[in-house]
C-alpha cells in the first residue's frame, strides 16, 4: 500500500475569527477593571473573590493560539498591561488590596487560580457573536472551568453585567438571562457609567 | 445400417419426467426454430416455457434442457457441440454451457433435437435414450464412481454419454457434466443432475442420418468455411498446434493474465505454462471434439500418462492465479477435477479466494499462494464435502458471504471469473458484468480485439458497449447454431474487407465509428450454413441481420429470465478488486470504469435504467412476456 | 404501571454529542483520552460529497493533526482494508480513530481498532470467539447519511461476520448537521425505517427494561415527528439531525434488548439476497405489525406515549392504546411509500430461500419465534400488492 | 420532544439491576479479570449491616481483600491515600464501593492512586493526569440518586488548602453500577422519603433546566413516574422489594438524567443550606422543589405542565386544562410532601423551619436566611436555572420556604428573552 496517498492533515487557521475574538477579549478585559470601579454590583462581586487572585478567560487549545506575531516587537510594559490585543486570552489579577487589573493576553510566567476556557474557537465565536447567551453556552458545554470553581459563577455574573454595559440593549438581552432593571441606580447614572467604561477601555 | 434419414432437422424433443418415470415427445414449433435457431436459443425457449421463477435449482421443479443445433450431424465444420441450459445452483440464475463431447451427436442421431429433464428420481438412476424414447435404469452400481469408470460403463449402451462424478452427487455447486473428454463446465449442471439423482445419460446414437435440405449450397458454404479456417492464423496455427494455451503468452504480455487472485496481470514465469512450452515438453497430439477442423483440444504425455492438456482457463486459474507455474502439478489437479467432475474455473477462483482468506485469517486451511501442498487434498475435500471443503463447494460467493472476504471473491453473479483480468481490457469488464450466466468470457469475447489483435483500445470506454452487444449477439447466435466459437476468428477476420485493411485502421474505425465498422463486418458464413441445411432462402446481408437479431433475442430472453429471478443492475457489476484496486504491474493502477459503459449498454440494449428489458424491447424481439 | 424486570443489564457506552458545531468539540474530546493524532476512516462517497472538507475545517485552530484520511471504504468492510488502514495508523503513529460515515466505515474502524490495539495481523482469534478486551483506542463516530445506529453500538460486522463485545462501543458519537445532511430521500427513509423498527422492537421486546424504554422513547418520538416530513427532504438539516439522533438512540436501546422479529428477518433475508436492509425493513415491518394486530398481542402503553405524545395519549381510552400505537406505526411506514417504494427485487426473492431465511431467523431468536411464524411474516411481506 | 440546538449525553456505566443482583458481581468481575476486590464503605453503611449483605451475596466465588469502612462524611485525600496503601498491601485487584456519594468519590480516588502508583492523590490533581484505564471499580449505591456513580469527576477535599480537588477523567468512571433493592430495604421511612424526593428533584430539575435534551427528559420522565407510583406504597409496606427496586431504578435514572442535563436553583439552594446549616440534601431538595417549579414557572410553563402527566397519570393530566397544569404540578408536589409528612409521622419536613437535627434542634433559623442567600453565588447550579437566580431572588424564595408558604408569582423578577434550549 502506498501510504503517501493518504497524507497527514495539519489543522488550518481561521485568522479573521481569531482577530475578532482577540479584540473582543481585549475590550472586555479592559472594561472589567473600569466597571469594577464604577459599578457597585461588580465591585461587590469582586469583593467575594480572594485577594492575590489571577483568573483568565481563554480559548482552547492554548497551544493553537500563540500570541500575535507583533507582540515580540513591542516594549515589555505594553504587553504586560495589555495595551493592545495580543492573543486569545484575557488575564485579570486581583491584587492584595482587592483592586482589579487587566494583564493582557500573555500567560507566560503566571499562575492561574481560575481558568475558564472555551472549548474551541467556534464555541467562543458563538458566545462573542451573541448567537448563544452565556448561560446557554454553559448549558451547551461550550466552555470548561479549571481551578477554584466557586469563583467561576461570580466571574460569570461579572461578565454578564459588563456585557450589559458594553452592548446595546437589543443585543445584551440576547446575551444574558435577565436584563437588569437597574433598580438600584438612576438611569442617568447607568449611561454615565457606560460612557466612562467605554472611554477608559479604549484609552490607554 | 442407418435406418432413417432426417432432412434438415427432426424438430423432436424428448421430455422426461423423472418423478413419474414417464416421457413424451414434444414437437418443436417451426416459428421457435426460426426465431431461436436451435441450440442454446431453442433450449432457453423450451426452458422459458416450462420453468417457474423462484424454484430451488436443486429441487424437483428445476429443469435441465440439453439442446443440439441445426448444424450438428450434418458434417458442418466445428459443429460437434451441444448446449445445456438450466437454472444454476451456483448462481441461482440461468446457466448455459456448451460442450463438444460425443453425447450431442449421439442424441441427435438418435433422432432427438433436445432433451428436457423434469422432476427428481427417487433412487440413483441413469437414462438410456434411443429413437423410441428413454429407459430408466438403476444406477446403484455407478453411484459413487468417478467419471472415467462411470462413463466407460455407460458407453457400453450407446455412442455418447453424459456423466457426473462424485462432485455432482455431493451437490458441489460447480460440479460439471462430462461427455467424452469434454465438459458442460460452468454453472454447476452436475449438481442439478446429482440433485435429480441422475448419474448419467447415454444416447444410443447412429440411428438416423441427417442431411441438409439444400445440399449444393451447403457443400459450397462448407468449402468457404474450411478455407477461412485454414487461412486464419489463430484457427489454423496457434490454436491448432498449441491449443487454447496459445493465449498464455499474449495474455501475459497484455497484462490480463490473473496472478495471485487477480492482484497482478503478468508474471515472469508465465512462459512455463504457455502452449508453446507445453507442446514441446509433453509432445502433444490432437484430441478434439468431433467433427472439428480447428483442433484446439490436445493430449500429451504428462508424468508418463496420456492426459488431456488443461485448457487455458484451467491453466490460468489453477496456475498463475494461485502462483503455481508447474504444468505437471496443474495437470494433476485438472485430472482430479475431471475425475470428480468439477469446473476448474470456479474451482480455481474459489481456491484463490481460500488462499487469500487463509492469509487474512478468515478461514484456517493449509492453502497458500505459490504452494502446492494441500491443494489436491482440498480438491478432494471439496468434491467429497469434507471439512471446510463443504463450504468451498458452494463457490466463492457463498463462502465469502459466510466467512467474509467479499472484496476479493472474484465472481460476478456468483460465477467466478475466467482467466482474463479486465483491468487490461475494459470492454471485457463490461462483458463480464453483463454476461447472462455470470463472469463468463464466452458471452462477448471483446478482449480478443482489445488485447490480442489490437483492433480496439484496451483502456478506452468509447463504444465498448456497442462492441459488447455486437459480440454477445453474435456469440449467442453462434451457440444456437450450434458451432464452435473459435470459428469466429475465421468467419469474422478472414473476409476480404477486414483482412486487407491494416489493423491500426480497423482499430481507429472500431474505436471511433464502432457501429459502422462492426456493421460492415461480414458474418454471412454462419447464417448461410444454417439456411442451407434447412433449405431456406438466404438473402445476403438481410439474413445476416436477421441472424444477429436472433442472437439478440436469445441474449435478451436469457436476461429476461434472469430478471425474473431477481437480477437487476445491482448484479451487473464486477468484483470490488477490479473496480477499485489498481495493480502493481500497471503503472497507472487502472481499474475498470464500469458505470458509464453500463449505462450506455442498457440504453443500447433497450433495458431500463435498472437493467430490466423494457416491454417494448421484448415485443420488438417477439419474446412473449410472462 | 411499568413492570420492573427481575434482572437486567444495561449499557449505553458512547457519549452522544449532537448539534451546532458538535464537530469542533472533537479535539477537546480527544484530549480527554490523551489522543492528539487520530486516523480518519471514511468512504469515497463521503469524499465525493465534499464532506471531508467540511470535516477537516472543524479541526482548524486546534492542535490535532489528522494522521491521514483513509477513504477507500465503499459498501463492504473487510480485513484487507482494515490491514491497510492499520498499517497507515502505525506508520503515522496515530493514537485514536475517527470513523466518518456510516455502516462499513464504522465497522472497518472498529476492526482497525482491534488490529492496532492488540497488535494483530488478522481477526482470526476474534472470529473464533475471543472477545477483545478493554481498553481499545478511543474511537469517535461521526455519522453521515444512511446511518442506521448500529455503528454506535457494541457490534461490528467485518467480512460478513458479526462480533459483539463491550469493548467495541465507540467512545463518542458526534452528530453534526454538516455531516448528517441527507444524500438522497431514499437513504434517509432507510435510516428512518430501520430506526423505527429498532425503537419499536426494543420497547416491545420481552426482555425490555426501563432504561431501554427511556432510550427508545425519544427515538420513537423524534421519528413520529420527523420521519414523514423529513425523509423526502434530504436538505432539511433539522430533520436529518432528528433522524440521526433517533437512529443512534434506537440502536442504543435495541442493542440492550433481545433482537425482534423484524430485525432478525431483515438481517437473514438481507444476507440471503443482498438487498439493502432498509428496503427490506420497509416491507417486513408492516408485515410484523400486521401479525401483532392479528394475534392481538398486547402492546404496552409507552409506545403510544412515545409516538403520539402526552396529549393524545391522555385522551385515548386505556384499552385502545396498544392498537392505536400499531396504527400510528403503520401510518408512519406508509408515509414512506413514496420515498421508499416497495421493491421489485423483493417480490422476486427466490421462494425457496424463504424457508432457509425463516430457519435462520428463528434459530437466532433463541426460541422466541418459531419457523412457521417467521415464514408467515416473510410470505406476507414479499406478497406483491395487487395493482 | 424538540431536539435542542446542541446537547451531549453520556451514561457509560454498565448497570445491572434486579432483586438478586449482588450475586452477579463475582461473574462480572471475572469478566474484567479481577477476583480480589477491596470493599470501600463508611461507618453508617457498616452499622446498618449492608456490608454483610454484600459480602454474603458475593459468596465464596471470590476472595475479599479488605473491607475498608472508614470513609468519613466529608472525605479527603488522606483517607484516599490511606485506603490505597491498604489496597496495595492486601494485593487487591478491584474495588467495590458500597455507599453514597462520598464513598463513591473516595473509591474513585483510591482507584487512581492504586492503579497508577505513587503515594498520594495530590500527584494527580488537575486535568489530564489520569491517562489510562484504571482497575475495575464496582459501585453499589446505598442512597438513592446521588448520581455520582454516573459522573466522570471525583470531588475530593483537601482540608489543608480548604479546597475541593476535582479529578475529571473518562478513565475514572466506574465499570459497573449495581442496583439491588436489598441495599435500601432497611432504610427508615423518613430517609426513604427524603432520598426518593431527592431523586424526584433530580428528575424534575433535569426536565426543566437549561441543559435538557430528549434523552435526559426521557430518563427523568420515567424516574418521576416510578417515584410517584411507588413511593407512598413503599412507605406503607417497607418490605415491598418490587417497590424498592422501582425506587432504586428511578433514582439511577434520575441520576443519569441530571448528570447529563444539570440542575438548577433547587440544587443551588440545597447545596448552600447543606454547606451552611447541614440540612440533609434530600430534605432540602424536597422542601425547595415546589419553589423551584414556581420560580421558573413563567419561563417554562409548558414543560413543567408536562410533568403532571408523570406525576399524576394520564387521566388527571387529560382532565386538567393546559393552562392549569403547571400550578397543578406545584400543588401536587406540595401534596406529596404533605402525604410523606403524614406517612412518616411528621419526620419528613414540609418547610425549612421543620428541619431539625437528631436532638430536635432547629437547623435553619430565620436570621440565617440572608447569609444563605448571599452564598448561593458560589454554586454553579444557578447557571443552568432557566431564570436568573440572584441573592435577592434567593432571599424571597428562602423566606417563603422557611414558612412553607407558596411563592408570590408576581414578585418573581422577570426579564430577558425566551430561553433557548
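Read from first to last, the chains carry the letters A, B, C and D; within each, the first residue is number 1.
One rule holds for everything that comes next: a residue touches a chain if its C-beta (ideal position, glycine included) is under 8 Å from a C-beta of that chain, and two chains touch if they have at least 3 such contacts.
Just so it is clear, the model here is predicted, and its values are computed rather than measured.
Touching chain B and chain D together: C.
One simple way to say how far apart two chains are is to compare their mean CA positions; for chain A and chain D this gives 34 Å. Separation between the centroids of chain B and chain C, computed from CA atoms only, is 43 Å. A straight line joining the Cα centres of chain A and chain B is 78 Å long. The residues of chain D that reach two or more other chains are 5-8, listed in rising order.
Counting only residues that touch two or more partner chains, chain B has none.
Counting partners per residue, chain C has 19-21, 25, 31 as the residues that reach two or more other chains. Remark: the chains found to touch one another pair up as A-C, A-D, B-C, C-D. In the complex of the two chains, the chain C residues touching chain B come out as 72, 74, 76, 78-81, 83, 121-124, 127, 158-161, 271, 273-274, 344-345, 348-352. Considering their complex, residues 1, 3-21, 24, 32-33, 128, 131-133, 169-170, 214-215, 217-219, 221-222, 225-226, 229, 242, 245-246, 249, 253, 256, 306, 309, 314-315, 317-318 of chain D touch chain C.
The touching residues of chain A, counted against chain C in their complex, run 1, 3, 6-14, 17-18, 60-61, 63-65, 119-123, 126, 140-141, 144. In the complex of the two chains, the chain B residues touching chain C come out as 53-56, 59, 92, 360-362, 364, 400-408, 563-566, 568, 570, 576, 580, 610, 612.
Within the complex, the chain A residues that touch chain D are 45, 48, 132-133, 135-136, 138-141, 146, 148-154, 156-157, 173-174, 176-181.
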